[in-house]
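What follows is a pair of complexes built around subunit A, which joins subunit B in one and subunit C in the other.
Our next item is the complex of A and B:
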C-alpha cells in the first residue's frame, strides 16, 4: 500500500519534469529485464543492503537505534581488504575468505559492541554515538587509503585490486552475481532463527519491548544491549566484506555511501522482519539499477529513483503511525461502549 | 443561595487506551478554600487535575469557570483563567536563575533583569519565602525549588493553585512552612487544591475533602465533620468481607519458609529509608498478609524480596539459606515466585504472545529446549494447558498479552508464578483493578497454593483481601512493620488506626510481635 502510494507520488513528480510517468515506469521495468547481466545486478546491489538492513533491524528489536551501519560497513570493508591483501599470496583462497570473514565479524562486532557498552554503562544515547561513529570510520578509511592501503601506483586513493583467488565465486557466469548473495540470504534466515527460535534472540526482543519486565525476570538487559550491538555491527561489517570481496574487488574512497541509510529504510519497510528484508532489499536493488538505466536512456535525472525510494519510505513510516492511531481509537471506543452498558 | 463556585467540573470522563482514568467525575472548587483530593496511587486524582490544567483533554464532560463553560486546551489557557498547577516533577529550567524561571514566557524582547529581580524578591518577602532571585535553580534544594514554583504561580496572580503531592519531596519542617502558606493564601480569597494520599496532611490543612477511588469520586466531606478512620475506609474502599477467613485447614507447618532480618533499603538519592529494619518470619503453608496504605514502603519491600534492588542492610533467608546477595535470576531458580502489582510494567510484555510471556522467566533454564532452539511445541502445549486450567479467556497460546482483559492477564501471571514459585510466592496487590469474578478466582488460587504448603506473602491495600486470606497480618507504615497480629486479633477499626500511623494501645491487645 505504502509502496504503491510512493510510486504514485514519484510518478506525479515525473509529471512536473515534463515526462509521462507511465512510459517512464514502463521503461524502468522493461529495462530491468533487458538482459541477464542487468537482472543479476539487482541482486548484486541488494546484497550489501540486506546486511545493513539486518544490522538496523536486529538492534531495533532490542529497541535500540543503530544509525551507524554505514560506519560498521566501512570498518568491515577496511578489515576485509587489508586481510585479503595481506594473506592472498600466502594461503589458499578459500581459507583466506574464511579468515577474512571471521576478522570482519570480529572487527565490526567490537566497533558496534563499543556503542552498546557506552549505552549500557553510561546510558549514552546510542542514536547519536552510532551516527557519529560513522564519521570516525569514514575518516579512518580515508586516512588508510592515502597511506598504508594506497595502491602501488599511488595515483588514486584506492587499494590494489584483490587477487582473483580471494574473490567470492560468481554464481552465474557472465554476470556479476557472486556467492555473497547466497551468504546474505543465509544470514537473513540465520538472524530470523536467532530472533524467533533461540533464547538469546527472545531475550533481545523481550528487552526491546518491556525492559522492566525483562529485568524482573532476571534478565540483564544492559548486557543484551552490548550483545545486540555486537551482532548488529558484525552484520554491517559482513556487508563490507561481501561488497569488497564480491563486487568491488578493491577498496575505493567514498564507495557505496548510502548503504547505511538505505538499510534503515529497508528495515522499516520490512517492519524489522529478517525475511521481509530479503524482498525489500531486492525492491531497493531493482529501483537502483532501474534508476541508473533510466537516467542513461531518457534524459530523466537518475536521482528520480532516490525520490521514489524516499517517498516510498515516507509513506511506510506514515503508515506505521496511522495504524497505531487507528488501533488506539478503536480501543477507546470499545472501552466507552463497555462503560456505557 | 450558595455562591457560584470558582471552578466546577461536570461529569468528566477520561479514558486512556486501555484504562478508565476518570469516570463521571463532578466536583466544585470554591474561592477561599483548601480542597484536598485524597486517594491512593492510581485513583485518578492527578488525572482529573491535569484535565483542568489543560494537560489532558477530557473525553466527556464540561468545565465551568465562574459559572461559564470554558474549553481549556493547554496550560496556557488554564493560566489565563487563573489556574496554576505545580506538578510532582517541577517544570523549572535548572540552568537559569529563579527570576528567569518565574518570568519565563511572560516577557518579550529586551527586559531589565534587575527590575524583575526586585519584583520577585518583594513577592518572596511578602509571603515569607527565603528565596534569592538571582540564584541558579539547579543549585537549590527541592524544597526551595518548590517555592520557586509557587512564586511563579503567585507572580501570575493565579486564583487557583493545584499542588500535586507537594509534601512528597519535603522534610517535616518544610511541610509545616508549606501548610502555613497554603492557609495564608486561601485566607486571601484564593483557592488551593492539594492532591495527596496522606491522611494527616489532609486533616491538618484541608477545609473540604474529596476522596477518589478507581477514577471516581466516592466522598465529599467537610473536614470538621469527618475523621481519619472514615477517610481511610473511603480511600481503601470495600469494607465488606467478601471472603471470610477460614481457620487454617492445614495447620501451618512449623518450618520457616522465609525469614527477613532487619531488612532495610535506603534511597541513594535522598538517603531516606524506604523500608527500615523489617524482620519477620513466614512459615510453610502460611499466608502472611502485609496491610498498609499504598506508598508506605510496599514497593521497596517487594523489590527487596524479588532481588530487584540490593539491601542496604539486613538478611533474607529462603528456607534457611541466605539469599540476600543473589540476583533475580538466581532467586527464580531457587523457587521464588513474584506477582508484581504493576502487571503491565513488571510482569508481562504486552505486545508479546502468551507463550513468550510464559517463557520470559525461564529463558535461561533447560525446560522447553530442543538442542539450542526453543521447543515451541511443548511451550505451546504448556501454555494451552494453563489457559485451560486457569480458565483464561484467550484465543489461544499465540494471543498477545495485550489482547486479554486485565483479569485474564493476571491469571497468566499467576499461572506462571505459581509454577515458578515452588517454595515461596510473593503477591503484591494481586487483584488490583479486577472485577469480582476474577478476584474470587485469584483468591482461590492463592489459598490452593497455601494448601500445598508454600510460603506466601500477600501485600495488599484491600482490607477485605487481607482479612479473607491471611493467617497473620503485618501492618506496614512509613517503611516499618508496626505490628504483626493473628488474623482474629484484629478488626477493621484497629487496623485502620495502625495503617494511619497510630500506635495501638498495647495493654488491651495481645500484640504478637515476632521478635
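Our next item is the complex of A and C:
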C-alpha cells in the first residue's frame, strides 16, 4: 500500500517533465520483464541491500542505531578488493573467496565493533559515531584509490579488474545474477534464526526492550553492544564483498553511494524482520533497475529512484501510524462491547 | 593566521544556524534528525531561486527558509503529531530531500554545458570596527548572515533562560506531563521549535550554496547537517556551548581548506577532509558530563 502511494507520488512528479506518468510506469514494469538479463538484475541489485538492511535491523533489535552501514560496506569492499588482488594469482579461486569473505567479516566486524565499544566503554552516542564513521571510511577509500589501489593505467580512481577466478560464480548463464544472492538469502535466514531461535538473539532483543530488565536477567549489556555492532558491521561489510566479487569485479570511486540509506529504508519497510527484508530488498532492487531503465529510455533522470525510495519510506512510516490507530480503535471497540455487556 | 581565523568564523556560521535551532528543538524534547535534509533543501531552493531571479540573494534566502519550513512541517507532523520514530523518520526525509533536489535540479536545468553560478554573498566591512587590528578583519569583515548571529546567539540564550517561552520549552523537554497539566500545549510548542529549525537550517543550507560557493551540487552539504546535530550534543544543549562547538569545527574546516590549497603537505588531502568527522567522533567520546533533556526523542502521548 505504502509502496503504491510512493509510486503514485513519484509518478505525479513526472508530470513536471511533461512525461505521461502512466506510460512511464507501464514502461517501467514492462521493461523489468523484457528479458531475463534485466529481470535477473533486480536480484543483483537486491543482494547488497539485503546485507545493509540486515545490518541496520540487527542493531535496531537491540535498540541501537547503526546508521554507518554505508561506511562498513565500503570497508568491506576495500578489504575484499585488496585481498582478492593480493591472493588471486597465488591460490585457487575458491579458497581465495573463502579467505576474502572471512577477511571482510573480520574487518567490518572490527570497524563496527569499535562503535559498539565506544558506546559500551564511554557511553558515546552510537548514532553520531556510526554516522561520522561513514565519512571516515569514504575518505579512506578515496585515499587508497588514489594511491595503493590505483589501477595500473593510472587514469581513473579505480582498481584493476579482478581475475575471473575470484568472481562469485554466476547462477544463470547470460545474466549477472551471481551466487552472492544465495549467500544473501542464507544470511537473512541465518540472522532470523540468530534473532528468534538462539539465546544470543534473545539477549539482543531483550536489550532492545530496556537495559534495566536485561541487567537484572544477568546479561551484560555492554558486551552485548559490542557483539551486536560487530555482527552488524560484519553484515554490511559482507555486502561490500558480494558487490565487489559478484557484480563490480573491481572497486570504483563512489560506487553504490545509497546502499546504506536504502538499507535503512528496507529494514523499516520490513519492520526489522530478516525474512521481510528479503522481499523488501527485491522490491527496492526492482525500483532501482526500473529507475535506471526509465533514465535510459525516456530521458527521465535516474534520480527518480531516490525520489521513489524516499517517498516510499515516508509512506511506510505513515502506514505505521495508520496501523497503530486501527489497533487502538479495535481495542476501544472491544472495551465498549465489554462495558455494554 | 588572520585569514585562517576569519575563515573559521565563515565556516562556523552555517553550523551555528543549524546547532542553535537544534538546541531549541532538543530542549523541547524533539530531535531534529531531518537536519541534513533541511540543509540540503535550503541549499538547493536558495540556489534555484537566486539563479532564476538573476542572482537575487534575498529571494534566494527567503526561498531557502520556505523550503526548510516545508521540510520541517513534514518532519514535525510525522514525529510530533503522529508520534513516529524520530531517527527513522529523519533518515527517510533526508533521502526524500536528496531525491527532490537531484530530480528537480535536472528537471529545471537539464544537463548544463557550463557550470551554473550565482554571485555569492559578499563580505561587508563594518566601518571603524573593521579597522581595529587583527580582530577587525576576523570579526567585522564577514557577510550579513554571520553578523546576524552576533545578535542571534545572545538573544537565543536570553529567550531560553530568561523568558517564560524558554522556560516552557525547557520544561516540556524534561517533563511534558507536568507541562501539560500546567496548561502548556506540548505538541504545538514542540512543533514550533521544529518550524524554527526549518527556518534556521534552511538559512544554514543556503549559506553553502549562495552564501559562499555560489553553486549547487547534491553533495554540497556532505554531512554538515549531522555535524551541526553533533555540535548540539557537544555544546551540552546550551546556546553558548554550541557557539564554542561551531568555532572548533569551523577551525577544523578552515584548516582543511588551507591545507588542501597549500598542496605541500606530508599528509594526504583526504585526512583533512575527514578531519571534522574524526573530530566529531573524538569529541563525542571524550565529552562525558552530558545534560541530556530527559524526554529527548520520546513522543508525548496523553493518558486516556
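Here is the rule we go by: the second predicted complex is superposed on the first by the 319 of 341 C-alpha atoms of A that agree within 3 Å, B and C clash if a C-alpha of one lies under 4 Å from a C-alpha of the other, contacts with A are read in each partner's own complex, and residues count from 1 in each chain.
Simple rule for what comes next: a contact is a pair of C-beta atoms (placed from the backbone, for glycine too) under 8 Å apart; a residue touches a chain by one contact, two chains touch by 3 or more.
Here the structure is a predicted model, which means the values were calculated and not measured.
Asks: Applying the document's definition of touching, compare subunit B and subunit C: which contacts more of subunit A?
Replies: Result: the larger residue contact count on subunit A belongs to C.
Asks: Is A:265 touching anything from subunit B or subunit C once the two structures are fitted on A? First, second, both or neither.
Replies: In the superposed model, A:265 contacts subunit C only, not subunit B.
Asks: With both complexes overlaid on chain A, does A:313 touch subunit B (first), subunit C (second), both or neither?
Replies: second
Asks: Which subunit A residues are contacted by subunit C in one complex and by subunit B in the other?
Replies: Comparing the two interfaces on subunit A, one with subunit B and one with subunit C, no residues are shared.
Asks: Looking at the complex, which residues from subunit A come into contact with subunit C?
Replies: Residues in contact with subunit C: 13, 16-17, 65, 67, 118, 122-125, 127-129, 131-136, 139-140, 142-143, 146-147, 258, 261-262, 264-265, 268, 301, 303-311, 313-314, 316-318, 320-321, 324.
Asks: Could you pull out which subunit C residues touch subunit A in their complex?
Replies: 74, 78, 82-85, 87-89, 91-100, 102-104, 106-107, 222-223, 226, 229-230, 233, 268, 270-271, 273-274, 277-278, 280-281, 284-286, 288
Asks: Once bound in the complex, which stretches of subunit A touch subunit B?
Replies: Interface residues on subunit A, with respect to subunit B: 193, 197-199, 202-203, 205-206, 209-210, 212-219, 328, 331-332, 335-336, 339.
Asks: Could you list, by residue number, the parts of subunit B that touch subunit A in their complex?
Replies: 13, 15, 17-18, 20, 23, 59, 306-308, 327-332, 338, 340, 345-352, 356, 359-361, 363-364, 369, 372-374, 376
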